[in-house]
Amino acid sequence: MMLRPAVTVLMLIWLIGGHWVSNAQAKADREKLLSEPGVYGTFAVFALNNEEWAKQDPATRIVRLTSLKGVVEQHREHVAIDLYLLRGLSDQGDLLFRIHAAELRETQEFLLDLKSSQFGKHLKTVGIMHGLTKQPNYVPGFPDQMKADLETISEPGQKPYAIVIPIRKSAEWWGLDQEKRAAMMQEHTAATLPYVKTVKRKLYHSSGLDDPDFITYFETSRLEDFHSLVLSLEKVQEFRYVRRFGHPIILGTVKSLDEIVELLAQ
Amino acid sequence: MMLRPAVTVLMLIWLIGGHWVSNAQAKADREKLLSEPGVYGTFAVFALNNEEWAKQDPATRIVRLTSLKGVVEQHREHVAIDLYLLRGLSDQGDLLFRIHAAELRETQEFLLDLKSSQFGKHLKTVGIMHGLTKQPNYVPGFPDQMKADLETISEPGQKPYAIVIPIRKSAEWWGLDQEKRAAMMQEHTAATLPYVKTVKRKLYHSSGLDDPDFITYFETSRLEDFHSLVLSLEKVQEFRYVRRFGHPIILGTVKSLDEIVELLAQ
Amino acid sequence: MMLRPAVTVLMLIWLIGGHWVSNAQAKADREKLLSEPGVYGTFAVFALNNEEWAKQDPATRIVRLTSLKGVVEQHREHVAIDLYLLRGLSDQGDLLFRIHAAELRETQEFLLDLKSSQFGKHLKTVGIMHGLTKQPNYVPGFPDQMKADLETISEPGQKPYAIVIPIRKSAEWWGLDQEKRAAMMQEHTAATLPYVKTVKRKLYHSSGLDDPDFITYFETSRLEDFHSLVLSLEKVQEFRYVRRFGHPIILGTVKSLDEIVELLAQ
Amino acid sequence: MMLRPAVTVLMLIWLIGGHWVSNAQAKADREKLLSEPGVYGTFAVFALNNEEWAKQDPATRIVRLTSLKGVVEQHREHVAIDLYLLRGLSDQGDLLFRIHAAELRETQEFLLDLKSSQFGKHLKTVGIMHGLTKQPNYVPGFPDQMKADLETISEPGQKPYAIVIPIRKSAEWWGLDQEKRAAMMQEHTAATLPYVKTVKRKLYHSSGLDDPDFITYFETSRLEDFHSLVLSLEKVQEFRYVRRFGHPIILGTVKSLDEIVELLAQ
Amino acid sequence: MMLRPAVTVLMLIWLIGGHWVSNAQAKADREKLLSEPGVYGTFAVFALNNEEWAKQDPATRIVRLTSLKGVVEQHREHVAIDLYLLRGLSDQGDLLFRIHAAELRETQEFLLDLKSSQFGKHLKTVGIMHGLTKQPNYVPGFPDQMKADLETISEPGQKPYAIVIPIRKSAEWWGLDQEKRAAMMQEHTAATLPYVKTVKRKLYHSSGLDDPDFITYFETSRLEDFHSLVLSLEKVQEFRYVRRFGHPIILGTVKSLDEIVELLAQ
């Protein structure tokens, strides 16, 4: 019942802020961006200037959040945008945007418009990381059973938690021949199999695009499983070649644009 | 006698700010959260914007502190909240909240409400760390005498000091087999036995949830014993596998919500 | 069509802000600065004070951007100035200036005038790095085929992305004799050949002028090729002697002065 | 003669700000705190908000400095407080308080009152470190001549410079047996003997209380001797087990409360 | 011609701001401070609060810069003060003061007066480092020819660029015996001989006074020679014992007080 006024606010924003897109086409594009190789994934963390935001009266906040909604809706035709609430779980910032695009220029255009929007002037850019989705490197050489296990469909239902872990490998790792690396990645992958159902994973390759070599992204409803998964990964041989793991680990909850708007309207 | 006006302030807040909960049920839940495995522990450090806070007149401060009281009381039904005063002992921040919850989402909801409260806009989030309570890993294999010693009840009476030390183990540690790690943890545990009575310990597992592997939490009335305990732990073999110890170590004093309110009302 | 008003703004600035130079001579000088050895290259990253900038009314912004245009045009007679938009792609800052000059004093004079300008007071200096262009160290000893391959002309057309990577080698590297270093640099260079057509490279020597030993600069329209190039470089033996690679990697898009002005006028 | 107006200011403050303590008792307690083992030493560095402070008119400054004097005088009954001026010598901050107390709670109470005072709102806490005085670990096993040399009384007269150096030892150090550590500490101590007369030293044990293992405190009127002392310590075997030395080294001048007040009143 | 108004400003300041010293005596003292061993050298980097400074009207700026001139002139009787412009070349700050004094207290007094001056409240202290000039350690054992080469007088004429590089040696270095260090320093010195004429060097010993072991100071009109010099030094064996080199390297241009005043008056 505490949510009632906010819901009203939300409906107002919905009425004021509509930049409508062809939902069917946008959905199809989004599916492609989220599943295909050769797509750029950007993780952008923002902090909300809390003191300034708290000073705004409710009407001003609604106007500003409407600008957020507008910018996101407008760009959703070209890029896939996911939102996460970091506040209360991460000291890195308040909001995380995950953006998938065929070209980083499109991501830049979205973030420029976001920053120039009425809402954007309350945001401080805390961190931006980029990666690229690619065909799996080592999986083709894995045993058939392992390949089948990796294709296990994760349990249906919402996975409210998302975790982002940047990883950098040592020069020694890259100096190993492909065969040795493949053997270690097979051991690494075996360690992840017990968690295929409850922890969704997605890998982005970052070398050159950013300081990490990889950005690993996870979704789960069972954080304890996720903890056990990471613990298993720390115990395999490949982990000795990891020079940076997290630092920071970014933990948040998956939210829809409307949920974020509602939360910030309060 | 210097405290008199503050005590009056406190009573005022008490009268204005009551969000009452069923104390008996809340206490039972709190006991469970503080003792069982599978519970998430969050350590959230905040800095108070001192210059802004000092500018508020006493009545405004009381209103804002009442909002703090309200938020804490409201969420105490679901999460266990402990408060610590860091100011004057730590350069990390002014206040530490330790929050135990069955789900991190509940912790997030509390911290969101705290941040949105009248008091929360004076707070800057300095650091948030998460861990998970688990069944002990190595204790089952320890000698019976050691198990018994570990169950020694700590001396009754207040333990005013609390210390939080995040720990990260090296990849080499995780690469050792369970037996070797168990032997070293037995030596580690033996070193702690002389301090079981005067230093209370609690362990949180963090791998994946945050950058450290563990968060260790201590309470004591005898800081000199605590120092001796840490010195003993630095001398065992296991310590060679510790890559991060503290950095920062967070030292504060255990305070009730009312004591914090009283202190900040001045 | 969204650009229309901005284009008008741009024309206004063009009319107000002209400090005209002899374009032919300036162009010739620019070519020399961009191609010859013994030239100093400076990479200066600035953050725009977004909150302050957003508060300015459009007319004030135009006046301020005119001052930016004026300063750049005035110094273009002596130094070669390239602009990049980092905002939306890098958390390092909003704007990158790459400045080539025969003497660092000339670069300093430009940046002093920039900072003193009406626009400059909105800029915060985030980072400045210097390097020097030199005759290639190792190329003279490479096989003729490799030399020929290195001279392959890159594909025509715009290369919208620019990446700057500072590099520091270990003391061990510098302690190796020239022959060993040359052999490893030949392996390094061989790894780059598949990307000569799509990724333009430029090398600046920094030892003593700044903390890195080298600043490597890249332009490409295919970020995926650039990622593959870096991945190839991580796999050669020379990479084991790299102590710092990026940290940060700076990624932005190549923009003309007019494009930057137009973007910021909005 | 430049000091005249400030001296008058000082006398005014003296008249307004007196919280008097029994000087004889306080002096005795202070002597105990400064000489006995089992005492907590806290090093608290503060930065003065210079821009804000410069804006205050002289009368307001006097009122605020009177509050500083009041807080210090009030707590001097329980804790020993020494002041140092860092401004102009250290980039860490402007003021250093060294506080000795039987319990860290008393130190916290003093620093809380300091922060809540009229003067305190101009202070930003830059760093706080804690240590504990203890009976010497290795001295009992040293040769008699060395013990006698260590008891040499330092030259009379003021020692205007104070230096604070936090130190962290490696895990390897703590893993050595007591005998090996004692032998190395004897070599370390021998290196300090030539400077016993001109450089006063005091050691605080920090393991667990803070990130360093030790805080070393020095006073001297001859900084060149102090430099030679540190150079000698860098050359002994024990130094190879030092993982952190300073970082930062804090250098300031010993000042009385009245001198600090006079300086800041200007 | 752009300089005309500033020159007028300068003359005004000259008339208003004079604290005159006996130039002959001051010059003699300055020569001694700059050439003798046992002198303390301090490097103090300041950032000018650009946004605040830009808001001052020209008359106020002149008054403030007059206070800068006054403080410097007043202290030049006791300490040798050199100024450098970092803005536009370094991201560390805007101004560097190099101060030579027989006692660090005198340096502190100057910097206190600078900070308390009308101009000083616009300055933020970014970094302060101290070192001590000493008789050369290793030169007495060098071959006569090398000693003679080291005494080569550097080319006459202005050396507009100044570079400051803090250096920290490893514990291994200090653990080597004097003979081995001397041999390596001879190789190090031989590498510098080709640059004796065009790059002036000065060495300050910092152990204990600050985190680095040495502060190396360079002046040159040929930055390319300076780069080659550093490159040569990276190739000698001694460089393997260097744990910190720069971090940061500070690069600026040598300026007179009047030039600085003129620049900031604009």
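Annotations for the structure displayed:
By written order: A, B, C, D and E. Residues from 1 in each chain.
One rule holds in what follows: a contact is a pair of C-beta atoms (placed from the backbone, for glycine too) under 8 Å apart; a residue touches a chain by one contact, two chains touch by 3 or more.
Every value quoted in this text rests on a predicted model; they were computed, and no experiment measured them.
The minimum number of touch steps separating subunit C from subunit D is 2. Rounded to a multiple of 5, the C-alpha superposition of subunit B onto subunit E involves a rotation of 145 degrees. Interface of subunit D with subunit E: the two copies contact each other largely through different residue positions, with under half of all numbers used appearing on both sides.
Centre-to-centre, using mean CA coordinates, subunit A is 48 Å away from subunit D. Averaged C-alpha coordinates put the centre of subunit B at 30 Å from the centre of subunit D.
Under the contact definition stated at the top, not a single residue of subunit E touches 2 or more other chains.
Chain contacts here close into one cycle, and each chain has exactly two touching partners.
Following neighbours round the ring, subunit C first and subunit E right after, the list reads C, E, D, B, A. For subunit B in complex with subunit D, the touching residues are 50-51, 54, 85, 87-91, 160-161, 163, 165, 223-224, 226-227, 229-231, 234-235, 237, 239-240, 242, 246-249, 251, 253, 263, 266.
Taken in their complex, subunit A has these residues touching subunit C: 38, 40, 49, 52, 104-105, 107-112, 115-116, 120-121, 125-128, 130, 132, 171-172, 174-175, 205-211, 213.
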